[in-house]
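Look for chain A in each of the two complexes below; its partner is chain B in the first and chain C in the second.
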Partner chain A sequence: MEEKFKEIVARYCSVKAEDIKNDMSFRDDLGLSSLDLMTFLGDLEDEFDVEFELGEDEQKLSNVRTVEDAMNMLKEYME
Partner chain B sequence: MNQTYALTAAQNMHYRWIREYKTQQVSGLSIVAAFQFDVNIATLKKCIELEKQRYACLRLRFTKPDENGEIMQYIADYEPEDIAEYDLTGMSLQEADDIMQKWAYETFDGDDIPMAEFRIVKLPSRYTGFFVHMDHRLNDSVGVAVMATDIMNLYKHFETGTPYPAPLGDFEKVLKSDLEKASNEKRLARAKKFWDEQLDEYGEPLYSDIQGPSVLEEARKKHNDPNLRAADIERKELFVAVKDYQLEVDSMQRAINFCLFNQISPTNLILLVIRTYLSKMNNGQEDITIENFVSRRSTQDEMTSGGSRVLCFPCRTVISGDTTFIEAARKIQNHQNRIYMFSGYDPEFIRAEMKKRYNTPDDTTYVSVYLTYQPPMNTSDLDPNAQKLRTHIKWFANGAATKKMYLTVSHLPDRKLNFSYHYQTAQLTEKDAELMYYYMMRILFRGIEDPGRTINEIIDMI
Partner chain C sequence: MEKTIYTMWKRCEEEYSALPAVRWLVKKDVQEKKYGELAAETSAIKKGFVAEGFDHKHITLIGTSSVYWITAYMSVVTSTNTAVPLDSALPAADLIDLINRSDSEGVFLGKTFAALAGKIKAECPKVRKIWMLDGDAPEGTETVADLIAAGKDAGEPAQPTEDDISMIVFTSGTTGKSKGVMLTQSNLYCNIEAVLYDMDPGLIFLSVLPVHHAFCLTMDWLNGFWMGSVICINDSLLHMVRNMSIFQPDVMLMVPLMVETIYKRIKALGDVPPQVVAPKVFGSNMKYIFTGGAHLEPYYIGEFAKYGIEVYEGYGMTECSPVISSCKIGEGRPGSIGKPLSNVEIKFEDGEILVRGTSVMKGYYKMEAETEETLRGGWLHTGDKGYLDEDGYLFINGRVKNLIILSNGENISPEEIESKLALNDLISEIVVTGEDNMLTARIFPEPEAVEKMTPEEIQNALQDILNDYNKNQPTYKQLSRLVIRQNPFLKNSSRKIIRHQVLIDEPSA
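This part shows the complex of A and B:
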């Protein structure tokens, strides 16, 4: 799952999937804008067949700052 | 014929306007990029021809409409051509611009024909470069900037020996990916649910005009419906005028610093300023909708593949006057982030749903203002020392506005922030643009100097 996840992240930045570290910040280290980040989350929904609940989990989404944050959120929804 | 594809949602947006307004002119996109040095025209022509091969969107063509008016697209094989040269040196730069402005009004009429045309231009003051006119379905403004940069990188390679520029993103691959995403039923259902929930929560939107409530009142009289919440769209007189205002560097930096400190994007700050202006002009109306163009270039491939990727979504917020400036900014940002997650959704579905629910009359709208914010292309755009080369780069309006007021905010090479107001002259005058800019700036600086002020307090102060 982590490998596939990082391959998707790599589509959005100039860092190769194998060089993406869990503590990297989407904004500061990988250069994603808020549009990029939200589009990326949309791709995660497609590829992992999950649906992030935007309404009540708005704060949760805005707290996604690092690769690990997003991976943990994805894991929660996959459970 | 090569492989054909359906139009994407972004292309369909332009095609719908062409069909509604019955002229391709509404889909024109033109720019001149000229440089103040002795340009080797033979090399420049060679680079433009190479660009047509590297940047496949420039070779897009459209098929003849079927019985329902629908068209397909395909990427034509590269065909070399002799690019025409125009000597506009015996005049002022303004006169040369006026001639190019007329070129920007030209239309591409016909099926299965090239939809982009380059011209070499020699301008006054030793500027030489190229003018390009194309259909917006081929490319958007970010894509045109990528193209112009690539042409000049090719030129530098051939003339000065810099490294050959890296390949651009694969347009056809991105096109296929877009069409695949658009047909993903789960994705579509999620997006529809999101937009439907907006209407469930707030009900029918309410029109707000930059000229105040009289416009909606007139529409109510015309349609004999005192409860009408939408106003008429100008369909016949499409001529557009443009008025630009520039925010000085220090002031621009104050606004950007506010954005950085509060983690608010400049787009959302500008949306807040516009909605506050509309609220002020409409007796404190709290339910405001602005259409915001979203440049959907997020993946590495999308950044450089060209293509028309911009979609326009309604940013509707209901914000009471006792909300603080910063709270309102965060509210808009949260809302926009949700929209971004579904930014591949065809906005026509949203309009169709509203028409179905509220039976809105034909040719009416809930929106008077459209916004595009163009972020700086790269750090050199914000670095005054990086701009050693004198350039004459100008975007030309296509002269036919489908929107009453279309504001483009962009960063200039000299670091000023440009506010370009494109307005339908049948409805608005330069005075309307001037007033809008004046009040927008007052709202902006009253807001950022004390983000704890409420929207009502700011409106009272200005």
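This part shows the complex of A and C:
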């Protein structure tokens, strides 16, 4: 799962999937824009068949700062 | 014939009644409403306004893009009333302030904002009615069905005149307080009329811009309706790419940030022929992307052309309803924001672009000094510097006013944020800057207050202040970086901070 996850992250940055570390920040280390991050989460929904319930609450996205944060969120929804 | 949104909508009802007007998703199913159905609903809601005594009143809309939101919006702008679309991502206190400052007497509220109803009741004395756009009606509110029921036996509503204010849109003010731009019925009508491209009914739009922005309302919705197009609603920015495959749009309006993200998606597919990539990313029909809100790097225009997508850049501001100039289909010029619209006159004053024309706002609501300042001598001062080339194409090459334009099209007034944070005892001076599409707070701490603190403690204390501020702000207004200055900012002779120096003398921590 982690491998596939990082391949999806790599779509939005110039860092290769194998070089993406869990503590990397989407914004500062990987250079994702806010929309890249949202579109990335949309990709996760499609690829892992989950539906994040963020509703209109953008604030929840500000909790997703690092690769690990997103991975944990995905795991939560997959359970 | 009067140039009003009312007459435009009447024509849509007559000419396109049986055609689809709006498509949206419920879970994964596509739903649809025809022009005739939408027009019937707006008529019923307008009779409700009559019954409830809403004539030349202001009505706020709070919610994200939905068929309910747009039905309510069309009801307001085709009546004598004024729509006040607000950014639903703003903190509750800001929304309350704007409802009060716009003198709204009615509020349409999306169901996810139901919690706001009690606060509006308690803190907005002029609000007489709150109508829930969808979902149940909590205490003190009513549903849209209630509004329609109230108007069942009401008489026909009056028609708006060209000079009636159709909407008030709040925009970042450089003085720190957002300003309510008053756009008349004819302002909007004339903007669409001047932008129109020659397309048959049935053109498919996917609307992905924030619905409270003039760019989205005028150019996706009103322009699309005028042409008899089908407007598809993007349910979430998470799903923009997915929804392009579902709705298969012909046209999309975007801010540069969206173009950048989509380009990354294309590149991620690797070395695949363009004819294979295009349908995967854009759907099978996409032909045109119109951008605005911020400057688009011309590189993308050439890159998208490889996939058969024509990208046209335009320029505008809410005060101009909003389009001032636009590259027309087949007449693009990368780097330029197109030729001024036919209803627009342009001149330059010390390099600043001044605009006059039928789409220029009536003024800022209850802000006479700001209105006079911006509409000096009948010319709107855009705050942007630019020039026309020998063929009449407009180019932007600088700014006069102090606004940060992010690539998502949001305009941020640094002073607005600075004045809030400067109240803190630990902060002596603060300047907010925008780099890499993010906001940075550059702070010179109050020497006495931090005298006994270690650098780490100062860093943590200031970061806590930023976190506290960020907590209630929409993403685009959040401060992503902190730079702690060792020295005060450089000042000019009148002791004002020299803004263009702040990145030079101490660029980072």
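The definition used in the following text is that the second predicted complex is superposed on the first by the 74 of 79 C-alpha atoms of A that agree within 3 Å, B and C clash if a C-alpha of one lies under 4 Å from a C-alpha of the other, contacts with A are read in each partner's own complex, and residues count from 1 in each chain.
Just so it is clear, contacts are C-beta pairs under 8 Å (C-beta built on N, C-alpha and C of every residue); 3 or more make two chains touch, one makes a residue touch a chain.
No experiment lies behind these values; they were computed from the predicted model shown.
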Pick one for A:46: touches chain B only (first), chain C only (second), both, or neither. both
Contact-wise, after the overlay, does A:33 reach chain B, chain C, both or neither (first, second, both, neither)? both
Starting from the residues of chain A touching chain B, keep only those that also touch chain C in the other complex, and list them. 11-12, 33-36, 38-39, 41-42, 45-46, 52, 54-55, 58, 61-62
For chain A, which residues count as touching chain C in their complex? 10-12, 27, 31, 33-36, 38-39, 41-43, 45-46, 52, 54-59, 61-62
Footprint of chain A on chain C - complex, ascending: 63-64, 88-89, 110, 112-113, 236-242, 257-258, 260-261, 264-265, 268, 407-408, 436-438, 470-471, 474-476, 478, 480
Report the residues of chain A in contact with chain B in the complex, numbered from low to high. 11-14, 32-36, 38-42, 45-46, 49, 51-52, 54-55, 58, 61-62
Note which residues of chain B are touching chain A in the complex, please. 181, 184, 186-187, 190, 194, 197, 265, 294-296, 298-301, 333-334, 336-338, 340-344, 375
